[in-house]
Amino acid sequence: MGQIEEFRRKREEQNQRVLEHGHLNTRRFFGLDTAVYREGALSSKTNELLGLVASTVLRCNDCIAYHVDRCAQEGVSTKEFVEAMDVALIVGGSVAIPHVRYAYELWEELVERWD
Amino acid sequence: MGQIEEFRRKREEQNQRVLEHGHLNTRRFFGLDTAVYREGALSSKTNELLGLVASTVLRCNDCIAYHVDRCAQEGVSTKEFVEAMDVALIVGGSVAIPHVRYAYELWEELVERWD
Amino acid sequence: MGQIEEFRRKREEQNQRVLEHGHLNTRRFFGLDTAVYREGALSSKTNELLGLVASTVLRCNDCIAYHVDRCAQEGVSTKEFVEAMDVALIVGGSVAIPHVRYAYELWEELVERWD
Amino acid sequence: MGQIEEFRRKREEQNQRVLEHGHLNTRRFFGLDTAVYREGALSSKTNELLGLVASTVLRCNDCIAYHVDRCAQEGVSTKEFVEAMDVALIVGGSVAIPHVRYAYELWEELVERWD
Amino acid sequence: MGQIEEFRRKREEQNQRVLEHGHLNTRRFFGLDTAVYREGALSSKTNELLGLVASTVLRCNDCIAYHVDRCAQEGVSTKEFVEAMDVALIVGGSVAIPHVRYAYELWEELVERWD
Amino acid sequence: MGQIEEFRRKREEQNQRVLEHGHLNTRRFFGLDTAVYREGALSSKTNELLGLVASTVLRCNDCIAYHVDRCAQEGVSTKEFVEAMDVALIVGGSVAIPHVRYAYELWEELVERWD
């Protein structure tokens, strides 16, 4: 099983625990966390790129895995992925590099071959 | 061996190395790190909740494991745990979610069943 | 006009702009940000202390001003305030010091005299 | 003079000092910081939105001022601005609120009236 | 009065309030915060450079002001200051730029002329 | 194979992926990330200590592993390592402790015995 699939499975299992035992405010926040990425004036694709860059500069690997996965689903191209990572790299500095490395690793797994 | 026990063992082993080879300032800081959670005007329970929320918004899993463990020892109820996590979630945002997930996982291991 | 009053006025004015021009998700998040501090299993006072310590370790002066103000309203004593600040100081380190200084300055303005 | 103009003037003056007295690596980094926002696979507009959201979740007011200004120049609409801010709010949590407030204040100054 | 003098005065006044009203743990932490910069295996000058770079990547202007001031007192040269800032810039990324700008501004005030 | 060797191998493999598929700005940033640690007015040893402390307060384990390794190569003594860690501990606070523990673990592996 690839890293992305393993991530999806673990995340699903952990989210269910939080949503089952959390209270109303917990569920409302999780609802908002889905809602803000939906298509509106900005496309879902742009929103996912925003989520990916925000996750990278904040150096959150699980958030990166989620948004790399969603970016691939929304049809982000490899060139677009690389440019978004470059913005994250310059904004976030060299402490973001381990997270950029992780994002590239997952991207390779998802796109199978670099175009 | 559960995650919490494994965490306790590893933390103990690593702390011993630091305290053995560190200097006076190192030990003094570790001393302060114990002292501030002791009962005073605020109860140990409240202090541990403060430590747990601070650790979650700063997104430090090892710190979360330590304070989840201590909160359970101080008699924090599941309802209280969930509400403290909700404060952390709203203050820290969705980048705190992976850490909230981790805290819930450990909490389940410690309380055995959700009340 | 004191610093706290100036903060309250400016925050109110700025929040109105955001709530007027923001969308549904914006307002929902602001709603949650109020909801999580309400009395539940944890008292409002404990929740405000959690918010204060989280704000201090995240080094957000406006968040500190808000929670210092709310803590005073919820009847937090000076001894409790100082101990909560000590937890924040040890968790957050010396980079939190300028924010602890700011919190003390506001506290003095609010309580008028130290007990 | 508005806040944005004051920001531009101060930033220009301070950047000149850094570029004059900094070394080759300093100038190279400043060069990269311009280069990554240029049109490529992603439009300048998308890049500026990425920069704005990254700046907001990292809670850097000067970075926010710069990217709010650039977003307006690149033709970002108010609806798009609000949605990007919503992503930043949910990712970054309530500690991002003071920075969202600041961004809205500058946006109002730049767009003059909300559409 | 220059920015550095104003910073020194304000910091002194605020620290006195904290040390007067804080508890034993507060004072102990402030003591440690002085102790770790003292000459040991590493010179005070190196320690101050460590403090300056740490403060810059953590983006704490008051901490930067303090360590810029101390670096100048410890005889750090302008070339050394610039190189330390370059490390901070690359590690911390473009969100550190406003803080690097601030550090240069203070440095200019302290050294009076760039060598 | 020790932790350090495993880290070196993984980092090398991941960096090659990024450098092969990244664009010009990606490679330029990686180039700068090497350049700023080179001997100049500050020795490579001092620069590596700056990198180590910056990585510790920013709580980036991979960055810590890299700079612990480089510090050992540049002849940093155990006493110097401990003092630099003390600065990081006080600046970064108790959330830095898990990262200080990790640095000590790697240091022990590299120096083989504490002097």
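Every chain is named by a letter (A, B, C, D, E and F) in the order it is written, and numbering of its residues begins at 1.
To be clear about the criterion, a contact is a pair of C-beta atoms (placed from the backbone, for glycine too) under 8 Å apart; a residue touches a chain by one contact, two chains touch by 3 or more.
Quantities reported herein were computed from a predicted structural model and do not represent experimental measurements.
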Neighbouring chains shared between subunit C and subunit E, ordered by label: A, B, D, F
Classification of the subunit A:subunit C interface as same or different, half of numbers criterion: same
Of all other chains, the one whose Cα centre sits farthest from subunit A: E
Chain centre separation in whole Å, for subunit F relative to subunit D (CA means): 31
Centroid spacing, where centroids are CA-atom means, of subunit B and subunit D in whole angstrom: 36
Centroid spacing, where centroids are CA-atom means, of subunit B and subunit F in whole angstrom: 27
For subunit B, residues that touch 2 or more chains besides their own: 23, 25, 29, 32-33, 36, 40, 54-55, 57-58, 63, 82-83, 86, 89-92, 94-95
Touching residues on subunit F, where the partner in the complex is subunit B: 59, 78, 82-83, 85-86, 89-90, 94-95, 97-98, 100-102, 104-105, 108, 114
Subunit C to subunit B touching residues, read off their complex: 32-33, 36-37, 40-42, 46-47, 49-51, 53-55, 57-58, 63, 77, 79-80, 82-84, 86-92
Parts of subunit E lying in touch with subunit A, wherever the complex brings them together: 57, 89-96
In the complex with subunit E, residue positions of subunit B that touch it: 23, 25, 28-29, 32, 35-36, 40
For the subunit A and subunit B complex, residues of the former touching the latter: 11, 14-15, 17-18, 20-23, 25-26, 29-30, 33, 54-55, 58, 60-63
